[in-house]
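Only one structure is covered here, and it is reproduced in the block below.
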Amino acid sequence: MNEIERIDKTHTDEAYTLGPLQAGPPCCDPTPLIRVDSLSLHYGKKPALENVSLDIYKGCITALIGPSGCGKTSFLTVLNRMTDMIPDCRVSGNVYFDSKDLRHPALDVQGLRRDIGMIFQKPVPFPLSIRRNIELPLREHGISKQSELNDIMQQVLLDVGLWAEVKDRLESSALALSGGQQQRLCIARALALQPKVLLMDEPCSALDPISSGVVEDLIQRLRGKYTVVIVTHNLAQARRIANYAGFFWIKEQRSGCLIEFGQCKQIFEAPAHELTAAYINGSRG
Amino acid sequence: MKKLGIVVTLIIFTGAVWGFLRTKSDDTNIEKLVLTGSSTVAPLAAEIGKRFESLHTNVRVDVQTGGSSRGVSDARTGLADIGMVSRALKDDEKGLHSFTIALDGISIILNKANPVQSLNKQQIIDIYTGKTLNWKAVGGNDAPITVVNKAEGRSTLELFLHYFGLKNTDVKPQVVIGDNQQGIKTVVGNPDAIGYVSVGTAEYEASQGAAIKLLPLDGIAASIENVRNRSFPLSRPLNLVTRAEPVGLAKAFIEFAGSPQVNDLIEAQYFVPVPR
Amino acid sequence: MSLSRADKQLAALLRGCALLSAAIVLLILLFLVKESWPVLRHVALTRFVTDTSWHPVDGLYKLTPMLSATLYSTLGALLLATPLGIASALFSRYYAPPFLAGCYRRLIELLAGIPSVVYGFWGLTTLAPLIGRLHPPGVSLLTGILVLTLMILPTVALTADAALAAVPVAYLRGAAALGLSRWGLISGVALPAARSGITAGIMLAAGRAIGETMAVLMVAGNVVQQPHSLFDSVRTLTANIALEMAYATGDHRAALFVSGLALMSTVLVLVGTAEVLSRERHHD
Amino acid sequence: MTKNALATGLIWLSAILVSGVFVWLLSDILIHGLPRLSWMFFAEAPKNAGRSGGIGPIIVSTVLILLVAMVTAAPIGLATAVLLSEFARYDSVFGRLVRRSLDVLAGVPSIVFGLFGNAFFCIYLGLGFSILSGGLTLACMVLPILIRTAEEGLQATPNDYRLAAAALGMSRSAALVHLLLPSAAPALVAGLMLGIGRAIAETAALIFTSGYVDRMPDSLFDSGRALSVHIYDLSMNVAGGDASAYSSALVLILLLLIINSIAMGLAKHWMHRSVVTV
C-alpha cells in the first residue's frame, strides 16, 4: 500500500496551484455556453447522430456516456468543427457557441479551435522536443517573445503537474515520455492557448490507473475556469467528476441519439429513462 | 532549419543571376557559327572548329549532332549556318551547296577468328539476302552466319545497298546497328558475325588489337591508303552544306575546312583528306 | 474543407504547380501529334498494323513487332526486377546488419545514377558474348531484358525501401509481440502496410523500362520481327526512334513520331489498367 | 520455420546476386577507367575529340545542367506533391487526373523528351542548344519521380499529426512546414536522390537540348556537353574513345557519390534539427 501512497505523496508535496484560477465563479451560472438543438450528422449515407439537443454550461464538467459507436466522439468533433477534416461528412441542425452560430461558413475556424481545445484518446505529441510541442501552437497564434513563451510553458506544465518531471529535459523528444506524461503534455499544449472549452475524448482510456488518476485530478482542478466536455466509458469517473451527464444510445438503424441529459446526480441516482438506469447499473450494454 | 534553407536558395539564386548576367556582357562582340548534322562528321568538325577558333579570337564555333537529315533540314531552315552530311546529297536536296571536306571508305569486317580470307561480290549478296546461312558454304567453319546490317536511312547502308545492287527489303539481318562503334563491338563479340563499317575506324580498331579483320573488296585491300588514291570502290564523301552560297564567317570556315591545314585533323579522325 | 486565407492562397499556388506538371504531358502529346501529322494525313492508321514490314523509306510502316518487343522487354524486366528489388529493400531494411545495410543502400543509390549508355556498353561488350555462346547472336530479347532489369532494379529497391521505412514501428512491434517469425512479420505486416509505396515504385520502374532507349538499342539486336523466343533479336519502339531519327526525313521522320505516339498510348493503357486495378482497394 | 528460413535464404541469395552483378559492372568500369584518371583529367579540356585531354568543362556543364534541373523541378515537384497529398481530397478528379498524367510522363522515352525539349525549349522558346534548355528538359523528366516519392512520403506521415495540429487551431500550411515535411524528410531526400540519379544518367534527352559543345560554358545560354553525352559520343562515334569513356563513367560515379552524400548529410542535418524522433 505504501507504494501507492508514496506516489500520491510525491504529487501533493510539490506545491502546484492552478495558477490564476483561485476559486473561480460558481460552476453552473444559468446561461449555457454551448447550445445544441436537433443536431444530426452523416458520414456519407451512414447516419451517425440523430437530432441531439443539449446545453453545456460555462465552467462545468459535462460527461457524455454510452456504449462505443453511439456517436459520442462524432458529437465532440462537431463542437470544434473537426468535422471539416473528415471527407463527405454532413452536419445538420444548429449549434451556438457563446451565442454565435458555430456552423456559420464565414466563422474563423482557427479562432474557434483556439477557444475550443481537444484532447484525443491516444496521446498525440508532435515529433518535436517538449518545449517546441508547446511553443509551436503559441507561435502560430502570434506569441513570439521567448520570455512570454517560457512563462506560459512553465505555467501550463505546472498546471498539469509535469513541470517537476521534465523541467531539466525540455529539449528532449516528447516521444520519449511515458503514456501518462504524453497525455498531460497534450493537455498542457491545449491549455497554453487559454481555451474557453476543453473537449476530452476518453482521455484516460489508454493510460494506467495511476496516470489516469493524475489526469482525473487535473480535470477536477480545471472545473470553474474551463468548461470541460468529456467522453468516457468509465462510469465511476463520470460520477466522480462531472456536474452534468448525457447518455447516448444506438438506435436500430445504427445511428446514435441522446436518451437523457441532466444534472449528474439526477442521471446517476434517479435516471428518468429505464435504458439509462439499465446502462448505469450495468445490466445492459 | 530555416536559416539553412535561406542560405542554400541564396547561393542558387546568385549562381543563376551570375549565369544570366554573363550572357548580356560578352554576347555583343562574339560571332557565333552553328553547325549541326551527322554524328560521324561531328568529332572532325569540332576539332576543325577548335583550330578555327584559335586562329580567329572573337569567333565561337558550336557543333551539334543529330544526324545527316537534321544537318540538311537545319541548314535549309537557317537554324544552323552549316549542315554536316556524311553522304552525297540526294536528288531532292540538290538545291543546297555542298563542299566535300573528307572521304570515308566502307569495308566489310569479319571476326579475326573467322578463317574466311575474302568474299566475292556474289557471296556477299547471298549472305546478306539470307541465301547462304552457314560459313561452311564460303570456306569458313560450320557455324550460322550472323548478318549485321545498318539501320534504315543511314548513309553507309544506302551506299552498301547501291554498290551491291540490293534493296533494304531483300536484306535479312540478324542484328541491326546504328553507329560504327556498335558494329565493331558486335563483330568483336561474335565470331560468326559479318558487318560493314567505315574503313578508318575499322583499320584503327584492328591496329589497336580489336578482334576484327577487314575484307578486301573486288580484290582491293580495304585501307585508308586505297581510299586516298581512289582505288577503293566503296567510299562516301563527308560534306558541309549551306542553304545559299556561303558568305562571311561561314565561307571562311568552309575554306579553312577544305584547306590542307586541317589534313592532320582529318587523319587523326581516321578519315581521308580530299586530294586538293 | 475549411481553409484560412493563407491556406487558400497556398492551395491556389499548389494547384498552379500541379496544373503545370500535368500540362507537360499534354504539350508532349501535342508535339507528337504535330510531328506525325504529315504521315497520318495520307496513311490510314490500320496500315501501321497491316503493312508487311517496317521499311519507311519504301513506305512500309508495320509497328506491331516493335510494340510487342517493347511490351515483352518491359514485362520481362519487371518480372525480374520487382522480386529482386523488393528482396534487396527487405534485405537492407530487416536482414542486413546496419553497416552492411548502409553500404548496400549506397551501392543501389549509385547504380540508379549510372547512364544507360554504360549499361548498354557493358551489355554489348561483356553480357552479349556470354549469351552468344549460349545461342548466337548474343544480342537478343533476353540480353535486353537482363540489362533493363539491372537498370530499373535500383528504382524498385529504393522506393520499396522508402515505403518500408515509413511503416510505423508500432505495427512491427505489435506483430513481433505476437511471436511472428521474421518472414511472417514481413509478409503479414510490413509489405501490406507499404503496398502503396511499393506499387508506386513499380509504376515508376515500368515507366523507366518502357522509356529506356540507349541501353536497349545496344543490346537487343534491333531486327524488326515478332519475337518468338527469348533469343530472337528484337527492336523496341524507343530503339527504333533513336536508331533512325538521326537520318530520317519527311514521311519516315513522321512515321517515327507515330511510333512515339504508339508508345505513349501503350503507357496510357498500362496506367489506365493500373488505375482500375487500384480502384477496388480504395484508399480509406 | 522452414518458410522463414527459406525466405531468409532467398533474400540473402538475391542480395548477393544483385550486389555481385553490380560489383562486376562497377569493377569493369574501375579497371578500364582508373589508369587514365589523373588530376589533369579533371581540369583539362578534351583534346582530339575526347580521346585524350581531360573533361573539366564537361563536369562543369553537367553540374550546371543538374542545378538548373533540380532548382526548377524540386519546388514544383514538392508543391504538386503537397497539393496531391494534403489539399486535394484523395478521390478528387483533379488529383487523380494529375496523378495519371504524371504516370504517363514517367513513361515518356528519353529520346522523345529530347526531341520535345529541342522543339519546345530550343526552338519555340528560343533558348537554342543551351544548358538551360537541357536542364529544363531534365526537370520535366524528373518531375514524376520527385512528385511520386514526395507524395508517398507525405501520405505515410501519421494522420494524427494533422488532426492534432488542426485541433490546436494551426493552419494547414503551418502544420505542413513544421510537422509534416520534417517527418517526411527521409522520403523527400530519397526522391531527390532518385531524381538526381535519373537526371545524371540521361543521355538521349541531352543530345538534342544541351548539345555537344565541350568548351567551358560561359553562361546558362551556352551549349554544354554533359558527362553522359560525352560517354555516349566516345563509345559510339569516336574510334579509340573507349578508354576515356570508361574514365568519364568513373568520374560520373564519383560525382554521383559526392552529390548523394551531400543530400544525405542535408537530410540528417535537417532531420536532427527539427524532428527529434525516438
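Residue numbering begins at 1 within each chain, and the chains themselves are lettered A, B, C and D in the order written.
Definition applied: a contact is a pair of C-beta atoms (placed from the backbone, for glycine too) under 8 Å apart; a residue touches a chain by one contact, two chains touch by 3 or more.
Please read these numbers as outputs of a predicted model, since none were measured by experiment.
Peer 1: Following contacts chain by chain, what is the lowest number of steps it takes to reach chain D starting at chain A?
Peer 2: When the steps are counted carefully, the minimum from chain A to chain D is 1.
Peer 1: Nearest chain to the global Cα centroid?
Peer 2: Central by C-alpha mean position: chain D.
Peer 1: Which chain pair has the highest count of C-beta pairs that touch?
Peer 2: Ranked by contacting C-beta pairs, first place goes to C-D.
Peer 1: Which chain has its C-alpha centroid farthest away from the centroid of chain D?
Peer 2: Chain centre farthest from chain D's centre: A.
Peer 1: Centroid from C-alpha atoms only, then distance chain C to chain D, rounded to Å. What do you get?
Peer 2: Going by mean C-alpha positions, chain C sits 16 Å from chain D.
Peer 1: Using CA atom averages as chain centres, what separation in Å is found between chain B and chain D?
Peer 2: Centres of chain B and chain D (C-alpha means) sit 32 Å apart.
Peer 1: Between chain A and chain C, what's the gap in Å when you average each chain's C-alpha atoms?
Peer 2: Result: the chain centres lie 51 Å from each other.
Peer 1: Taking the mean of the CA coordinates per chain, how far is chain A from chain B in Å?
Peer 2: 79
Peer 1: Would you pick out the residues of chain B that each touch at least 2 other chains?
Peer 2: 39, 65-66, 178, 182, in rising order.
Peer 1: By the touch rule stated above, which residues of chain A touch at least two different other chains?
Peer 2: As it turns out, chain A has residues touching two or more other chains at 109-110.
Peer 1: Got the chain D residues that touch at least 2 other chains?
Peer 2: 89-90, 171, 182, 235-236, 274
Peer 1: How about chain B: which of its residues touch chain C in the complex?
Peer 2: Those residues of chain B that touch chain C are 38-39, 65-70, 72-73, 143-144, 146, 151-155, 167-169, 173-178, 182, 185-186, 188-190, 192-193.
Peer 1: Give every residue of chain D touching chain B within the complex, in rising order.
Peer 2: So the residues of chain D in touch with chain B come to 48-50, 64, 67-68, 71, 123, 129, 182, 207-208, 211-215, 218-223, 233, 235-241, 266, 269-270, 273-274.
Peer 1: Where on chain C is chain B touching in the complex?
Peer 2: Interface residues on the chain C side: 53-58, 60, 124-125, 128-129, 132, 136-139, 217-218, 221-224, 233, 235, 242-249, 252-253.
Peer 1: State the interface residues of chain D toward chain C in the complex, per the touch definition above.
Peer 2: Those in contact with chain C are residues 1, 3-4, 6-8, 10-12, 14-15, 17-19, 21-23, 25-26, 28-29, 75-77, 79-80, 82-84, 87-91, 94, 96-98, 100-113, 115-116, 119-120, 140, 143-145, 147-149, 152-153, 155-158, 171-173, 186-187, 190-191, 193-194, 196-198, 200-204, 227-228, 231-232, 235-236, 245, 249, 252-253, 256-257, 260.
Peer 1: Could you pull out which chain A residues touch chain D in their complex?
Peer 2: Interface residues on chain A, with respect to chain D: 80, 82, 85, 87, 109-114, 117-118, 120, 122, 124, 126-129, 136-137, 140-141, 172-176, 186, 189-190, 193.
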